[in-house]
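Below are two complexes that have subunit A in common, paired first with subunit B and then with subunit C.
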Partner chain A sequence: MSINMNTQRIPSSLPTSRGRTIALRRGRAQWLTVLLGALALLLLPGVASVFWVHLANVSLIAVIAAVALNILTGNARLVSLGQAAFLGIGAFTAGILQRAYDVPFPVALAAAAVAGGIAGFFIALLSLRLRVLYVAVTTLVLHFTVTTIFSFVQAVFLDSSGIILPLPSLGILILKTPTQWYYFLVVVAAIVVLGALNLLRSFIGRRWTAVGEHDLAAEALGVPVAKAKLSVFAVTSAVVAFAGALSAYYVGTFSFETYNLGLAIAYLAMIIVGGVGSVLGSVLGAVFITLLPHVLDQMFLLLDLKIRANVLAGIHQITFGAMIVGFLLFEPRGLAELWRRFSAAAADWPFRYRSVDRGNR
Partner chain B sequence: MVALVLTTVASWGIYALLGIGIVLVYRTSRVLNIASGEMAIFIGYVAATSIQYGLPFPVAVLFSMGAATVLGFVIFWFAIRGVMGEPPHVGLMITVGIAVILNGLMIVLFGGGMIAIPAGLPAFTTIGQVQLPTPDVVATIGAWFSIAVIAVIYRLTNLGLQMRAVAERVTLSAQRGLNVDRTVALSWIVGLLAAGLAGVLHGERSFVALSASAIGISALISCLIGGMDSLKGVVIAALIVAAAETLTARYIDPRYVLIAPVAILLVILIVRPWGLFGTVEEIRRV
Partner chain C sequence: MDCILEIEDLSLSFGGLQVLRNVRLDVLRGKVTALIGPNGAGKTALLNCVSGIYAPQAGQISFDGDNIIGWSPERVARAGVARSFQNLELFPSLSVLENLLVARDQHFRGTALGAAIFFGPARRRELLEREKVERVIDFFELWPLRHVRAHDLPYGQQKIVGFARAMAADPKLLLLDEPGSGLTRDEKEDLARFILRLRFDWEVSILWIEHDLQMVSDLADRVHVLNAGECIASGTPNEVKQVPAVISAYVGDEAIAVPPKKSHAAAI
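Moving on to the complex of A and B:
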């Protein structure tokens, strides 16, 4: 009754219709945040130094892979320790094709995605009968198998020191400077993030989440569990392999040593710190974990502490591990939840309490 | 030939000891400990460093076991206690975090280099006609003696009974007046003692280094082949893993030692995912 009387005063972020409830962005405040964020992304290379643009590029590649991992591990609840293996599959596929047949950059990227998808499909076949821990173990097995094959392939068929890739070109555009890469990666990452948001709203994404919540219940509701597991593994692995190929081209060289278990753990840290099962969380976590060591370095530099390089690496790892353990214990929903609470509080300011819980993705 | 058998038996003992540590804590707290290799090598570094400071080998071992007790309690109290009863992947990820922290601590505290743990004994032991490398002999005796001690504790003492009760049904054992927190804490301490001793013995055989925490992976594979909740299974599977690794290193290529156990695990995961001796319901519950 009161709502009808005060139609004018309903906050624009309140979902009052079906269209509103499934909208990606609700209300002026959220649109404003998105616009400001996009503007900041566009202007970044103008104000930041080359080093920070480079870090932004690395973060953007991490965002692409972390969004995919978070759908697999956060939404479908299939814990994957094989992230490094999938990244490596992408890099090696693209690199070998480039090396042997000199295929163009977009074709190499597509081939990497296809190879990752096929590998993901086979791992999913293996893990169809298995639950959480055993899926994690299967991906661990994949990790060791694939990295051993990489080291063998690299030692026998390629250069053992690392493979150098040429500068990639997209038609007339050649990606050379960090800034050129930056705009290219912003576009790709935006497509992946929007694609993930839309996929999770569609029936496909809802099936994945349903299987993750409880596979038997999902089966009882008529969700084809096997198909859902196979598709989520194939799709996310394809995206991860794509990111691996991008990263190999960006760095310009790749070697099997890059794809160690530490890399897989770093990606797990990203989604835990960012927020398990949240696309926003994957983005925040990927940026946070990528920047963390460099921010720490800058901090020590500012404090003028003379720390030896290997001790610094140890401090990075301790911070890293403490982040994983700390977020799991004290804020299992990660940075995304902190951001949600902050924006809710900001929207309701100066009031202390909210009357309506606003959704935020 | 005898030396090859002894090498296998020594690695078998070390993997079995580490694996028993993993299985013990998995049974009571349902946390799959991925960090066991890092825990082992961390305690190994404690022993190696105290020997460098002039402690004799037996005292250094005792000292490192003290460190293992403290570490086990700290890890349980500050990390594991908070995630017990959560979905299994949370426990898995928290041990991943612990592994990274321990790795960093090894670099910061001990430098992360290669250090040997000399036992201060002659290089070869002569038994009758055969000459055997002493480090392997010490590792074999130490590992199998400790496995026997743990088995006796687990089968014959009150503490072992309590641990088995918690492993079977947490709620019921709590209702019978059992202090579950204390029992799980003790199982983590025993697990850390087992892991720490395995690390010290591994260091005594070869050396401790950051890369040496790969023994944790071999032990984890042993647990999975044997069945996550079976002590008998892990001891038998550790033999399979140790033999596969030794044979690969000798006849194929030392760089690819891990591939043979991984291949065996892959077969096990396909045909018998709960492991050789694991409980079938186990896989439902996880």
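Moving on to the complex of A and C:
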């Protein structure tokens, strides 16, 4: 009875398949949730003001970068403080190519991704034998090296006040208004999210997680550890740099000061608040952290409180810090876990717990 | 005799500490070979040498005709050596199913892009390997645990899953590092049943570290005894039991017995 013999155990006439058990969405309720979510995304520009559509765009770009960071840090356990650097690498690659060769928008985006992937590959080479904290230090070195180079490049070859990018166009489609950008970014973010979910249920995702959690055990099972670390760094950094280029085009201008350590920390906050190692968590966390200061501002506006700008900035910082500490203390699995519990309770409603025959999944 | 693994004159030291000294032992093809010995005898170190985790200073390890000294753990694993670990090195956030699928890693092909698209070849491969893993799940009776995260399993089940994960790689040689330690009596009976069934139904050779001598004498075809880095006896369980060196290594003899200290009694 070798493992390779007779794999056709289940008659195909039976109403079950392995394919269903590896599907991303199980059951009608989950499909319905996705459908409603898609509908809400589609209709948002119709009901929201331009300001909120703009915030949605900023959130969507953050979603793309946070999904990638969460795979690197949450699943493969490589703590990266280089998020701002990779975003900057994307923006500067796209900006320089645009300025020097006037390349089309899609080419600039692709080049940004390639540049980010190469940078990620080299950082992975440097940190191949390092663990958690030491990887963080390596990425911190990358951060300061790259930002120093940015400021130099910007001062010498570009405009020291910031680089202005033209309106991007995709064939006949020109991305000009926030609503046009919004639909473009929804599609891109959806592709990235779907790709991340697929990666994590494939052998590549399992390899990344296995190497992150127990590299020695993974190696003894025949997993190519070095290859896994190099590939996870290269792939996620490419996506982050891609998001950086998108962001530069969206804002229309960029400058090295944007890519500071605070930005890298904000991204770590997104995945902690959202849920470490969860794609849904990256999405929720990115939206949450991006919207947080603006929601606070709107609240004060509604309450008719006149708060001085510097005090307001302080309130933003305090809330931001309190959120991170609060989630670490009370819900380390983040918003994704809250959502999971809520949807499980909603599915069982009006009962308080699941009947035995419904199973655990 | 037909041996799948032959170790000759293996020596390993860490700085001044001699862990293994000219060890010579073999594993018979298709049989269960037990490796016993007191704590610190070098049993796990020997397993680590075979899997390529430690680099021995001298000696030969030939697996299925190849000298595997100097091979990386990954290469050894891909050549057909799988192992379980003493300290439960499961991947905690992956489900039981995913843990087993990691062991099938070498059978997957494709790029990250293909995996991100998933539909088509990646999905077909996934389902094919899933069927292979299902055979292991059937064998180890893990049906209710497929989608449970390894982190959430009780200790005994984690041990069995570690064993199953090694078998999911479909190895020629299986290295088991104290699969029985910390198991309840029922779980040990399951373990004994699994080892026996593997021995008779599955074409796999087993090198098995165990402290439970009763289990060893019931199940093993051949036993090697390690003590202080040296292989002091080899043979069938009954032969080994008669060797004076083994008896003194396990229960000590009068020459090295330490008389109880008076101060101890006073403290109690």
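In this section, the second predicted complex is superposed on the first by the 337 of 361 C-alpha atoms of A that agree within 3 Å, B and C clash if a C-alpha of one lies under 4 Å from a C-alpha of the other, contacts with A are read in each partner's own complex, and residues count from 1 in each chain.
What we mean here is this: contacts are C-beta pairs under 8 Å (C-beta built on N, C-alpha and C of every residue); 3 or more make two chains touch, one makes a residue touch a chain.
If you're wondering where the values come from, they're calculated on a predicted model, not measured in any experiment.
Applying the stated contact rule after C-alpha superposition, one finds that A:157 touches neither subunit B nor subunit C.
Of the two partner chains, neither subunit B nor subunit C is touched by A:51. In the superposition on chain A, A:198 makes contact with subunit C only, not with subunit B.
In the superposed pair of complexes, A:101 makes contact with neither subunit B nor subunit C. In the superposition on chain A, A:320 makes contact with subunit B only, not with subunit C.
In the superposition on chain A, A:218 makes contact with subunit C only, not with subunit B. Applying the stated contact rule after C-alpha superposition, one finds that A:148 touches subunit B and leaves subunit C untouched. Of the two partner chains placed around the shared chain by superposition, neither subunit B nor subunit C is touched by A:342.
Partner subunit A is touched in their complex by these residues of subunit C: 51-53, 72-74, 76-78, 82-83, 85, 89-94, 98, 101-106, 108, 110, 112, 115-118, 122-123, 125-132, 134-136, 147-148, 165-170, 201-203. Residue ranges on subunit A touching subunit C, taken from their complex, read 1-4, 7-9, 18-19, 22, 75, 195-196, 198-199, 201-207, 209-210, 213-214, 216-225, 231, 235, 277, 360-361. Subunit A contributes residues 73, 77, 79, 126, 129-134, 136-138, 141, 144-145, 148, 151-152, 265, 268-269, 272, 310-311, 313-325, 328-329, 332 to its touches with subunit B in the complex. On the subunit B side of its complex with subunit A, the touching residues are 32, 79, 82-83, 87-90, 92-94, 96-108, 111-112, 217, 224, 228, 255-256, 258-259, 262-263, 265-266, 269-270, 273, 283-284, 286.
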